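Next come two complexes built around chain A: one with chain B, the other with chain C.
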Partner chain A sequence: MNEPQYGWWLPPNVSVSGDEVDNLLNIIHWFMLVLFVGWSIFIVYCLVRFRQRPGHVAIYEPIKAAFSKWLEVGVGVAEVVVLIALAMPAWAAIKNINSQTPTDPLIVRVVAEQFKWLFHYPGRDGEFGRTGAEFFSDDNPAGLDPDDDVGVDDITVRGLHIPVGRPVIVRLNSKDVIHSFKIPVMRLTQDVVPGMEIAVWMQAKDTGKFQVGCAQLCGIGHYEMKADFVIESPKDFQKWLDEEHAYLGLDDE
Partner chain B sequence: MSEAHPELGFWRKYVFATDHKVIGIQYGISALVFLFIGFCLMMLMRWQLAYPGEAIPLIGGLLRESWVNQGAMLPNFYNQLGAMHGTIMVFMGIVPLAVGAFGNFVVPLQIGARDMAFPRLNMMSYQAFIIGGLVMLTSFLLPGGAASSGWTSYAPLAVIATTGQTFWLIGMIFLIASSLLGAINFIVTIVHLRAEGLTFFRLPFFVWSQLVTAFLLLLAFPALQAAAVFQLMDRLVGTSFFLPSGLVVGGEPLAAVGGGSPLLWQHLFWFLAHPEVYVLILPGMGIIAEVIANNTRKPLWGYRTMVYSLLFLGFMSFTVWAHHMFLTGMGTTMSTFFQATTMIISIPSVIILSCLLITLWGGSIRFSVPMLFALAFLPMFGIGGLTGLPLGLAVPDVYLHDSYYIIGHFHYIVAPGTIFALFAGIYHWYPKVTGRAMNVTLGKIHFWLSFLFMNGIFMPMLFEGMAGVSRRLFDPTIYAHGAAVHGLTVMTSWSAWCLALAQIPFVINFFWSMRKQERAEENPWQATTLEWATPTPPPHGNFPETPVVYCGPYEYSVPGAARDFSPQFVKQEV
Partner chain C sequence: MDKRPILVAACLVVLLPAMGGSEDVKPWDPALGTATITGSVKFEGKKPRMRPIDMAGADEKCAELHGGKRLKPETVVVNDNGTLRNVFVWVKKGVEGWSFPLPEGNALLNQKGCWYLPHVQGMRKGQSLAVRTSDPTAHNVHGYAKVNRPFNRSQPPGAADIMIQMRRDEAGPPMKVKCDIHPWMNAFVAVVDHPYFAVTGPDGSFELANLPPGTYTIEVWHEKYDVMEQTVTIADNESQTLEFTYPKKK
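Presenting the complex of A and B:
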């Protein structure tokens, strides 16, 4: 795995849908730059040509500014284009992905609390055990119901591992306050609101070791609320899952 | 109308004043002090960000034990500074300066009124403001310190926070009450007390901006007033307006009824806080319009269009609040609506900015100190507006939300935007208020240094945000992408400290000019609006004779006129 390179612009993108976000960001910023440079040239030109000096008088009559109409119409049109042609389809695409069930997704349940992330994988049975707020304790951070057999083989860990290429559905829950699940390299941020479960969808196109962070102020330890985020080949991912299973000590049966 | 006013005693004249000009000055001085305090809080934060974990120089050892460890800042203190910086700057600095000070002092003069419609209400509004402000500041002395849940005070975090939050809520209730009283006063004053001949379309643009601002305050603030009371009840009497069931805090189930909604707070908060953004900027635009018309020596281009845009802007500002909430799990219909309204609201802003730009064309531009600030406002507000574009669209916002990009964005609007406008206003109206002009050289030094360092602070933030660095982090370098842009963070911090030094010429100028500069004439800028018709400084009751208005507000360089300005209050020979 190569060390990811971070700089002064967008960080590396390892998400299959990230290019769309990056393109939109870059297009908008070019548009902004062009408009700003245009304005600046106009201002500087005016300041020089119309500076106060002996013999120079201001023109009382308003100029017929076709320029202004064109500028306003131009900005309006550009915004409509950006909105309708780029932003809405991109948002709809992301939301549709979220509302569809991708084929063969990996489902990870996330439990956020002050100031750590917990990642909850279904065990070999592929099903999550029943959970509830009343079951939370230090040795049961996911809040699994001890009487539910389905949950016995569930894996709860402090780092997020996903296989490359496979769709992943992340179901976000919070125990206490609002957190925000942010992975810059996946171009993903989603608030985690207590009292509701919010699901987001992601799919990685590259392997690597990155970080999940919290992007919503959640208290004193907010700044250190981060976790490892590992994207592995399906083989390595399976190996990691097997190790975690072995750690549960269920394989002897 | 030269009835004699009995000379008032010190207390009635300066402390329990009902004269709009004295109240304006009270607001102005208090707000400048609060701005300075808010600025100091931020300079402390910038130390931690640039040199995480290192002892704060000079004052590190003097701070409370619960705030620092061997002089180095603790995260709890950082969060207090962050929350209080935002609160102080917005609610106790900019709004009182833009509305309370400039609005109070200038609006009655510009409409030819002898005072505000309700002078006692005006006094009460200032008193509520100062009480609110003191409650906020006192909260730093509490055992747990001041509020630390951000200026947005999102529930449930704010509900379970220390007592500082209770003080924050009570302080807010006073500040909001102050704004509501002020807003009513402004609306009645502007509608009813205009001088003879001063029709709505002869009002200076500044008065229009104050009128729209007053409506925004009046209609938006009650939502937050109610929300603040709800949150206070959640904290003190065990209600659960903003608390869902089944919260487990620090391993212990929270003893609350549950059934509430954390998102309800966000809706109520942003229903206020987005119009509030326009409250922060509109009076600034008003000042800039005055200064630009006066210093280009020509009428504002598209005055009526600007007024209609302003009204439309005010109306639309109530329909965009949920663009602060794209990440809360919003559906496509909602996000489409709020993206569309957000794009629509940018149009009137672009129109106003374009009108101001086009006004430069064909002018005879005088580079006075207020004009320098006004000219800098245009591109700076431009950057602020443009960077709002990616944030208003949901997809880029998903990436940029709660990053340094948004900090850069709104500071470009408010700091080199509104604060520059306020500086322009101070330099512009100082001669009217004090009777003396400010020193030009010191003013120019102040301008150029401020312009340089403002950009040194906020431009790097846009890049940090693009690099993915989240806001409100006590130490962003613990993330790999945060450590990569640490150089930018250091640059921002040094710019901030230098910006503080750059204010020294202003402070010197402010006090020194009051005594030492030469006396100003009644109309030193050769302006056209009514405030320049009064003696300088204006006496109690303002106008020696009731003024009558004969023409529009910006009759500069009228062909055939003897001078290049034709004041509203002088009948022209036709």
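Presenting the complex of A and C:
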């Protein structure tokens, strides 16, 4: 896997909705830096200014001057305003993204297990085969019903391939414990919870080869729980699908 | 009269045979082993479809070792002659009276190409299972033993063999071994207290040779189709043929 070096700042952004996330992250981090430096200077100043020395006695009563009272109230109000000013747009952005219904999406079913990802694409018929927890086994990691002919041409792979520019809905399932589906370059993180299917969508604006990781400590092999994430032109994506179809060996039968 | 010595003696008479348990096990005499059981395991019906495994998306190093070729799970391998591979065959009952010498060396479970070799094997109780890695990528060997002690050990490339002592019989069913890093990797190891076991290969046949004359329960086990057994009585210098057919008739 040739995951690019991330360096000191955010990883590359290849998601159409990544800019909003990045803006928010940048604002929050710069703002926290300002607060951190300001408060640090104040603490150091107080340590020096009010150090213990002869002729100075500590006062254990609160100061009752009007100025310091208004200063405290002022700091409190400012922080509430800042918090709301940051939180509301972030909340609105997430609401906006989630409430849009993508048109003509590619649907991929994802099965998380200790400690790998499995990606399940509908085959040439465009339909997923029937799946169920009772069908999971070592030779059937996607849990496909062996008696269902619709699933025969389904593609089950260990790397995620998507076409650039087309919305993709991933339907997240877990076989065992809670995992978290994370693609840093897509600015996407979503917990995967056993017993429920959680769908999220994304859309890539650039091609490249990156990585899917697990962002929720899930056991001894958590660090190994990663998969290729390949964004291709629609033509290359179709070529890849055709290759995967050929691997199934259905045409030889 | 002091009756205590009599009581102690009575207790000993009752308890000793129960405590000993093995006083009627004799060392094995190879001159007795003249009988042979051979046979084959057939497969009838529709072969289940085994999906080719994409290793590349999970670990490119694994895929490179196979040069782009995709393996299929070894869960159900039906041979060209209609027999079933990877069936463990063993004498379940009939040789309890003997204690057999242990063969030298260990049983070997090799990890090569992110694949366990062999998929199914038998070994003797008291031997060690040497788990070897021949791969340039890390593995995590997870033994789901139910009778013996379970184990879960990580093995980076180039690491020494992991030695697992198998102290107890574990053949019904055999122990499952999995890799926690490569979920498609699995193998089965059966632990038996005697040398009469076999695994069916590319021709689906088995041979249990050098048996003493007697009556035996022969069990066959398959990871998907479970167990079946037959009882056979065999005389000196005799050879008998058994045939099993999977899947079981319901």
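The rule is simple: the second predicted complex is superposed on the first by the 183 of 253 C-alpha atoms of A that agree within 3 Å, B and C clash if a C-alpha of one lies under 4 Å from a C-alpha of the other, contacts with A are read in each partner's own complex, and residues count from 1 in each chain.
Note that in this section contacts are C-beta pairs under 8 Å (C-beta built on N, C-alpha and C of every residue); 3 or more make two chains touch, one makes a residue touch a chain.
The structure displayed is predicted, hence computed values, not measured ones.
Touching more residues of chain A than its counterpart among chain B and chain C is B.
Applying the stated contact rule after C-alpha superposition, one finds that A:S137 touches each of chain B and chain C. Judged by the touch definition given at the top, the superposed model places A:E224 against both chain B and chain C. Contacts of A:L248 after superposition on the shared chain: chain C is touched, whereas chain B is not. After overlaying the two complexes on the shared chain, residue contacts for A:Q114 are found with chain B and with chain C alike. Looking at the shared chain after the overlay, A:G213 reaches chain B, while chain C stays out of its contact range. Of the two partner chains placed by the overlay, neither chain B nor chain C lies in contact with A:V16.
In the superposed pair of complexes, A:P146 makes contact with chain C only, with no contact to chain B.
Overlap of the chain B and chain C contact sets on chain A: residues 113-114, 137-138, 219-221, 224, 226.
Within the complex formed with chain C, the chain A residues making contact are 1, 113-117, 119, 137-141, 146, 152, 156-160, 219-221, 224, 226-228, 244, 247-249.
Residues 4, 6-11, 20-21, 24-25, 28-29, 31-32, 35-36, 39-40, 42-43, 46-47, 50-52, 56-60, 62-63, 65, 67-68, 71-72, 75-76, 79-80, 82-83, 87-88, 90-92, 94-95, 113-114, 132-134, 136-138, 143, 175-178, 180, 182, 184-185, 187-191, 193-196, 198, 210-211, 213-224, 226 of chain A are the ones that touch chain B when the two sit in their complex.
Chain B makes touch with chain A in their complex at residues 75-76, 79, 82, 148-150, 154, 156-157, 160, 244-251, 253-254, 261-263, 296-299, 301-302, 327-329, 331-332, 335-336, 339-340, 343, 346-347, 350-351, 354-355, 357-358, 360-367, 375, 378-379, 382-383, 386-387, 389-390, 393-396, 398-403, 463, 466-468, 470, 472-476, 478-481, 483-485, 488, 556-559, 564. If you check the complex, the residues on chain C that touch chain A are 48-52, 54-58, 60, 70, 73, 75-76, 138, 140, 152, 154, 178, 180-184, 186, 224.
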